[in-house]
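Going by the order they are written in, the chains are A, B, C and D; count residues from 1 in each one.
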Amino acid sequence: MSLPERRYVITFGCPDRTGIVARIASFLAEAGGWIVEAAYHTDPDTNWFFTRQEVRADSLPFDVGELRRRFAHVQRELDGQARIIDTAERRRVVILVSREAHCLYDLLGRVASGELDVDVRAVIGNHLDLAPITRAHGIPFHHVPFPKDSEGKAAAFTELRKMVDEHDPHAIVLARFMQILPAELCEVWAGRALNIHHSFLPSFVGARPYHQAYTRGVKLIGATCHYVTAELDAGPIIEQDVIRVDHSDSVPDMVRKGRDIEKVVLARGLRWHLEDRVLVHGNRTVVF
Amino acid sequence: MSLPERRYVITFGCPDRTGIVARIASFLAEAGGWIVEAAYHTDPDTNWFFTRQEVRADSLPFDVGELRRRFAHVQRELDGQARIIDTAERRRVVILVSREAHCLYDLLGRVASGELDVDVRAVIGNHLDLAPITRAHGIPFHHVPFPKDSEGKAAAFTELRKMVDEHDPHAIVLARFMQILPAELCEVWAGRALNIHHSFLPSFVGARPYHQAYTRGVKLIGATCHYVTAELDAGPIIEQDVIRVDHSDSVPDMVRKGRDIEKVVLARGLRWHLEDRVLVHGNRTVVF
Amino acid sequence: MSLPERRYVITFGCPDRTGIVARIASFLAEAGGWIVEAAYHTDPDTNWFFTRQEVRADSLPFDVGELRRRFAHVQRELDGQARIIDTAERRRVVILVSREAHCLYDLLGRVASGELDVDVRAVIGNHLDLAPITRAHGIPFHHVPFPKDSEGKAAAFTELRKMVDEHDPHAIVLARFMQILPAELCEVWAGRALNIHHSFLPSFVGARPYHQAYTRGVKLIGATCHYVTAELDAGPIIEQDVIRVDHSDSVPDMVRKGRDIEKVVLARGLRWHLEDRVLVHGNRTVVF
Amino acid sequence: MSLPERRYVITFGCPDRTGIVARIASFLAEAGGWIVEAAYHTDPDTNWFFTRQEVRADSLPFDVGELRRRFAHVQRELDGQARIIDTAERRRVVILVSREAHCLYDLLGRVASGELDVDVRAVIGNHLDLAPITRAHGIPFHHVPFPKDSEGKAAAFTELRKMVDEHDPHAIVLARFMQILPAELCEVWAGRALNIHHSFLPSFVGARPYHQAYTRGVKLIGATCHYVTAELDAGPIIEQDVIRVDHSDSVPDMVRKGRDIEKVVLARGLRWHLEDRVLVHGNRTVVF
């Protein structure tokens, strides 16, 4: 990641009230914590308070375990939910793919160049097409074919789940993985499974969004990175972007132009997720 | 408009085949026509050919009536449909409004500064709020109240139609006019009635699109200028644009940010329509 | 402005060290202050800490004068510089113009609609062109002609300064005012004079930037809102934006397209300035 | 490239006058040529006419050699300059690199996936860092070290030139190649050498543009794809794009964000160049 030195990242949410910032800041100040980055937000509809704080690890006289123990008091006092990560623990990622190469290729390039400093444990594909590029990066590729029949598909998902879960990944990235996750997997992987959908959601849910966009005659096409939930393409949105098209663009032109948006939107969304910048609240996200 | 000298603008569509460009270009060349701007497109699905040509009026030895008569031969030969406008005939525009000022205000400013050289014949509002600004620009404002009951509404639309049609306008601009046109009016004004919808269509059709956008948690909001058809917010799209929002933007923030997109998208769409740059083909547009 | 209820806005800068956030937050918490919005930043080069806090006025048991007195202790302790504004005091604005209408027109529209809730005390022009539109909004227009000779010009600036200073404005907006402020005025109005330059600075400083852009053959043109300093077009940048152009765009086309960017960039920059979101640091800005 | 079937691409420029389009179109129509795409432009300053036409190869009863011979008559008649390419001849590309991987990696991914259907003959680097990724794609990598002394550098450029010229490439891509080409090479490769500069030119010419951008405090950073000429970063611009930054972005953040723009701008510029969509006119480009 882009974090230059070891940090503890605290994300915290609680019902809003006076004095929360003071409570957290005082807690950190008393321990000598050097806050490198801090962000706050209150949702006006639900009156829920959110914060994310990055603290230099070497500024605290104790380790992350002790930080978690001590912060538990603050958390209880404020009736909130905290999560504390240590950037020294490299983020584990599993990537699910099908045949389309561009998102996987782009992610692997970012990892190879050190821009995205994560541990890609495995790439799993329902086709073999992307095995060579994956292996050229020294990353294991697993092939899990998905039959058309529901029984075979269920078995494939069981196998997939096993393969994914053994790595206990911080992120499961659906990099143009064309299979729809069963509700059960959506639940198990809730908040960790990120999808890139090749439209500007909520427009053009489901299959062949560029064809839908072409038929509707839109003047911009987009891509959406979102958390996977049981309802198709309806999960909390992390990031979106668009690119201009016009009447001279055929569907293949849209597919080509869209790829450049898809890969950058997915990369941004994944980075923010792994830096623990994304706080889900209902079906919306706070991105600090 | 931005045309510096008098021009004839020819738009033409016909089934695609070899030699169309040669036929049209030769016709113009033989008459001495100086083509200032030319654009071509063929729709690959329907194999329909489109072109738009701007010719300097002073390069032709005859007037627009004669140009139309002569071009009728080309049209018949190619089994197509032509439209020829003379930029010396100022475009007549009627603007329909409700209470929201920004789109009207922006259009009037462009007209006043000469950027948009059109003849705004009237502004018609179902509320009186925008009468003063309209009249300050020396433009007649008509008030047509829209009752809630269907009978009263029908009568109001009859009155509206009469008021609009007496100007035989080239464009009827729904500048955040909040009433839904009856199917009959959509038909009568087909290809001349432009609406600005405050979302990136097809997302968030209908009422309160910014509320819908907020609830869905999108990261970009948009605006769409489209031709009005009987199906709500489903007509051919002329132009769209978007602006970034994040979790800190409330609905009123989105409303405010969205206005800047709405007005510019409407102004662009109207300009292109009046310069006869927009060719409707099914539910899509070619914008030359 | 967009602030729905009365607030005190505290902006503060000081050398970075541990415990600043705790100190400020505790100060506010002890007084019962309800923080509605808070932002922090540390400049890594100079190790300077910045914060901006919005506090609900009705959550504090004292007025803004007492808040300033009490906060002075915090300020001294942290060796910093604070500024506290009360949103109940409407921001006073003076606008300087020449002949170009679009930026003035756009600002007046935002004021008239209530989107920009400021007190425009006067519009001052070196030409009379924009007097009618200004007066139609019920705002005084003053004409200060600028002769070409340096003596006459100096006298004009003296008169201008007097006219501006009598309003003690929070913002002096150069809305396409084509005169270059003398160094002395830049100093007197430092941090309050905002200019809109019609290029993406630092490209195309000085006169006729669209001509420069055309000659260079750029594919995007832009606009920059910045604080005025003695060096021409070199002051701290508040906001910038761009729009796409291509080979078919003449200089007048660029001028027309550019206007849509200029007015929105100026409006954004002015809003942020008046909400005290812009903190100048050397020649850069922090925009909270 | 994205061309689905074999085409001849004609680009042509000549002094503007009446009848040019008719002449070219009639020439093609008489031969039965099916025009798939056509674009026109006249430069108003120099009165120079430009066109680009894509004709289906199978619609003509002769080959590209004969087309060139026959079109030479048209060319002479109109006193113009024509270039005709056959899309069946795959475009040859040589890529020059240094240590930065992202542009090369992105281009190779596009080639590998078939999106960019070109023949990358060689990658030449002044460092060895990018040899492995190049060779993993089955493409020869040549190492030409560039000493600091002028003599050694001149020798290196001689070697580089020999290596490049033996492939007679349609494009020489400086994909973050950090050496400045000598004037002589700029001339030999004129119109074929494309550079990606990591700023929104003409801002921040030369070394370390992101540092320059950071120091100036701009709110958007950009990238520019341009033809290489003897004057540094001053050649005709093919494509540009920008991305938003703010005060929280350090120079490394800008470098990271900028990469996503650099690679997409370079890929677009290269595609357009290879499809012969870019016509240079003085120091500006027409991009059809």
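Things to note:
In this section, a contact is a pair of C-beta atoms (placed from the backbone, for glycine too) under 8 Å apart; a residue touches a chain by one contact, two chains touch by 3 or more.
For reference, the UniProt names are A, B, C, D = Formyltetrahydrofolate deformylase.
Remember, predicted model here, so these are calculated numbers, not experimental data.
The interface with the greater count of contacting C-beta pairs, when B-C is set against B-D, is B-D.
Ranked by separation of Cα centres from chain D, the top chain is C. Here the CA centre of chain A is 41 Å from the CA centre of chain B. Averaging C-alpha coordinates per chain places the centre of chain B 37 Å away from that of chain D. Multi-chain contact residues of chain B (touching two or more other chains) are listed as 37, 248.
The part of chain C that touches chain A in the complex is made up of residues 18-19, 21-23, 25-26, 28-30, 32-40, 42, 59, 244.
Listing the residues of chain A that touch chain D in their complex gives 2, 4, 37, 101-102, 105-106, 109, 112-113, 115, 133, 136, 248, 252-253, 256, 259-260, 264, 267. By the touch criterion stated above, chain C contacts chain D in their complex at residues 41, 43-44, 200-204, 215-220, 222, 236-242, 246-248, 250, 283-287.
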